[in-house]
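The following blocks contain the structures, represented as structure tokens.
One chain, chain A, links the two complexes that follow: it is found with chain B in the first and with chain C in the second.
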Partner chain A sequence: MLFTQISQLSRRSVVRLLRQPQVIAPALMFPLLIFGFQAAGLSSAADIPGFPSDSYVSFLLAFPLVQGTLFAAVSAGTDLANDIETGFLNRLSMTPMHPVALLIGMLAGVVSLGFLQSVVFIIVGLLVGVTFAAGFLGALVLIVLTTLTALGFGGVGAILALRTGSGEAVQGLFPLLLVTFFLSSILLPRDLIETDWFRIVATYNPVSYIVEGIRSLIITGWDGQALALGFIVAAGLIVVGISGAVLSLRGRVART
Partner chain B sequence: MAGAVAWRGIHNFFLNPALVIPAILFPLFFLAAFAGGLSRVSDIPSFDFEAGYTAFQYVWILLQTVAIGGAFTGFAIARDFEGGFAQRFMLAAPRREGIIFGYMIVSLVRVTVTGGVATVAALISGMQVLGSGVDLFGLLGLAVLVNVAATLFAVGMAMILRTSSGGFLIQTPIFVATFLSPVFVPLELLDGWIKAVSKVNPITFILESGRGFISGNPTEVALAFGLGAALILVMIPWALFGLRRAEKAG
Partner chain C sequence: MAGNSGGIEVEGLVREFGKGFRAVDEIDLRVEPGEIYGFLGPNGAGKSTTVLMLTTLLPPTGGSARVAGYDIVKQGAEVRSSIGAALQEAALDPFLTGREHLNLQAAMHGIGRKERKRRADALLEQVGLSEAAGRRVGGYSGGMKRRLDLALALVHEPRILFLDEPTTGLDPQSRSALWDEVGRLAKEGVTVFLTTQYLEEADVLADRVGIIDNGKIVAEDTPDALKAEVGRSSIEARPADPNDLDAVARALEQFGEPISASAGSAAVRLENRTQGLTEVVRALDREDLQVSSLELNEPSLDDVYLAKTGRKLEGAGDEGGEEA
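What follows is the complex of A and B.
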């Protein structure tokens, strides 16, 4: 019963995503555009003494992968807010639908988008000469880590959508996520960040560990510690995002 | 008419936290991420900028802020068309070009505030200014030219599209033009396609001249001001074309 509910709502969520090229196109193009500018403009950063890679493009491939998950979060939240604004969620809450099924089903779209983004960004990376130090298997692990991160951020987007019920408020989350993203080790390794306060913020910023987990598969190979930290942070994000979203959903359904 | 448009736009901007807060935060965020996070980029061999990396980045951030300020004015115009307010303005205006002038005043006022906040933040974070007062006026002059050109572009695009969903088309060309320049390192340290594109991008010349002003070593000043003026001259017919399209649409 629960599985049927999840599969039906997941199907709706994925179909809705596929029918919105205006959502998919920016989610793919915008991170690639910024990646292109940053990689080209900062290519000589690989000459900084102590830089961990010969190629800044390889170093920076984590950029579109993680930034894409932020787009996915906003997309998931906006879709859910749209369901609230149009009354779809209220109608579903009148049915014997399980709240967890409702949430997981709705987040299926964000997982699909995260997966699609990972595959596309990896292909683009290969086309521009990035080689994966951890090989083909490493690329697969990278896709899993990125998709899990998208799910976690999707949960955060869902919390905001359920709390506010407003697509506009969810859109307002994006600048905050973007700041969190840039105040990490996304552009330079933490040990090469000279400004003290920035390095401290980047060290306490969980996004740094997701970035470093993904990056390790591209430029280092199999780095157990970086990968473990990346997956732990992604798992933590999922736990916080989903449990927070379930609680918010219960609160919203109770008010209906 | 221009005064009425300007007063309304300025009033709406400063009294709406959803508009004013992101407009102030974005330049600060760029300053933190690029000047703070990337300061080791100045250790790249052959990177030579006497005023330091914060000043190097500040000039780009200032120009980007004033250019994006123009784009945001375009968003406001698109919203005014969606709400029907712009149409009422057009009915009431004896000379509709005044509407464009009014939006340009709005844009200049808002970037005076956002650019001013970015400047104060850069100075607090230890930016060195080696240029004289006259040099800094030169930098501000370039920023005004970029803002006017970007605003005219955004006005034209917004009056053609007349919908908020066209925001991507208003913002992206401005965003791309500012990034297709030597953002992180001087032009001579770029290579590949970005160098080829940067060498023909007018923004590059304005940016390099602005960096010359802040480091007390003005370079290619006439060329930079000439290109800024040329951008405005190109964008005036574009904005008027947008206005005529909006008039025809009724």
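What follows is the complex of A and C.
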């Protein structure tokens, strides 16, 4: 029965997502717009001595890929909060639903959106001349890493949704995630950040390692260390996000 | 203890919220299998809190209750498998169709694919939503949402159905359709626990009525017995000539105590239940008084509510703040 519950709730998440172009469109357009503006305005950064790529566009493609995961997380968290606010969670709670099925079902939507974003952003990257140093296989690994990151952030969104039961509170998470995102190595390599405090923050910021893992596949090739760090951080995010969400779910689905 | 009943037994049930506020205060009630029990009270009286406890969504802070023979605290899973519920808001996903809702709900109950389809078809037909089954729920009217909500509550063929204010906000036609469906379910042996703030709804549907006020049950019986307990009929007469109002009032006073009446009319509460319009007409005729209208009003559940709580039900919960 658990498998049926998971598959049906996952199906619901994906169907909901596909029927909401107003969610999908900004999740694709907003990161691409900023990507376009940044690429146009900061292209000369590639001339800085020691810059790891001749093409700033290639360097910057990690930007929409990681920013997209934040959108996916907020979108999924908002959906879950809506289920709480409308009483849909209560309806499900009155069935023999396993709480884990609810969580996995919800995260299926995040994974779907994360996957869709990765594919679209890679295609756009190819169209504007980005080449993948790690080749086609590298692009596939990039999609996996980005999707896992979306899953981890999705768990964080779920925690907030389950703790507060408020869609507004979940949306309030987005600016915080965005600040964390910009305080990473997303716009410049860490060794080229001259301001000490910024470099230190970026070094301690786990988002930097996801960015660098993704970026390595585009501009360096197969960099084992960067990839390992990227996957370790994504896995850590998933462990923290999902375990926190499971604990929060127990409190929210307080059936007798 | 194994479940062996399609009924509900509640003893001393309490639910306290912060600072000792008791939304439900030691209520006792018993609903027999196959009965429609109307739980009547204004907003904030404790109706929904009681339903949340009986459906295992809210743990009680005192007392005990068995639903379908299962303890609501110790045997929550068994209770949930025996009941269906349509709570106060029709909690539906606007992006799913009616059929997708039924399929999802049935899957959560572990019902196989073929059976899910069969039950969905049958229930959609039953609640008159076959044609709208493939449409997204976001485009449904309030009545359609309520009917789908009811179908969802029935998908696993429960023995007990909880309906929390199922007709609030519905137009008269949708309300009547839902009443018909609830009546049909009861005939099939489903026990129905129905909360409502509509007197007419309780009167029409319920075999027995419990009136809750400030978390306590203040009266419980069949609607007829409750009305008989408090009720004496009243008569209201409107003189054809407005100048005869005092004379008509004096003529009526021999049948009972005067009560308030609409403008231009006089009314009395009859002292004797056996007295009726005939005696009044004769008395008015003896005095040569002409009336343009004469009404015999039977006691209503509103009179019962007034007698038991000192307030009219309409608007009684307004001072009570949020729904409890």
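Operating definition for what follows: the second predicted complex is superposed on the first by the 254 of 256 C-alpha atoms of A that agree within 3 Å, B and C clash if a C-alpha of one lies under 4 Å from a C-alpha of the other, contacts with A are read in each partner's own complex, and residues count from 1 in each chain.
Throughout what follows, contacts are C-beta pairs under 8 Å (C-beta built on N, C-alpha and C of every residue); 3 or more make two chains touch, one makes a residue touch a chain.
Just so it is clear, the model here is predicted, and its values are computed rather than measured.
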item: Chain C versus chain B on the shared chain A, clash or fit after superposition; value: fit
item: Touched partner set for A:T4, first chain B, second chain C, both or neither; value: second
item: First, second, both or neither for A:A40, with chain B first and chain C second; value: first
item: Which of chain B and chain C A:R250 touches, first, second, both or neither; value: neither
item: Superposition-derived angle with apex at the Cα centre of chain A and sides reaching chain B and chain C, degrees in steps of 10; value: 90
item: Overlay on chain A, chain C to chain B nearest C-alpha distance, Å; value: 17
item: Set of chain A residues, in rising order, touched by both chain B and chain C; value: none
item: Complex contact set, residues of chain B against chain A; value: 18, 22, 25-26, 29, 32-33, 36-41, 43-45, 47, 168, 176, 179-180, 182-185, 189-194
item: Residue ranges of chain A touching chain C (in the complex, touch as defined); value: 1, 4-5, 8-9, 12, 15-16, 19-20, 83, 86-88, 90-97, 254-256
item: Chain C to chain A touching residues, read off their complex; value: 55-59, 72-74, 76-77, 79-81, 83, 85, 87-89, 91-93, 95-96, 100, 103-105, 107-110, 136, 152, 156
item: Parts of chain A lying in touch with chain B, wherever the complex brings them together; value: 26, 33-34, 37-38, 40-45, 47-49, 172, 175, 178-179, 182-183, 187-188, 192-195, 197-198, 202
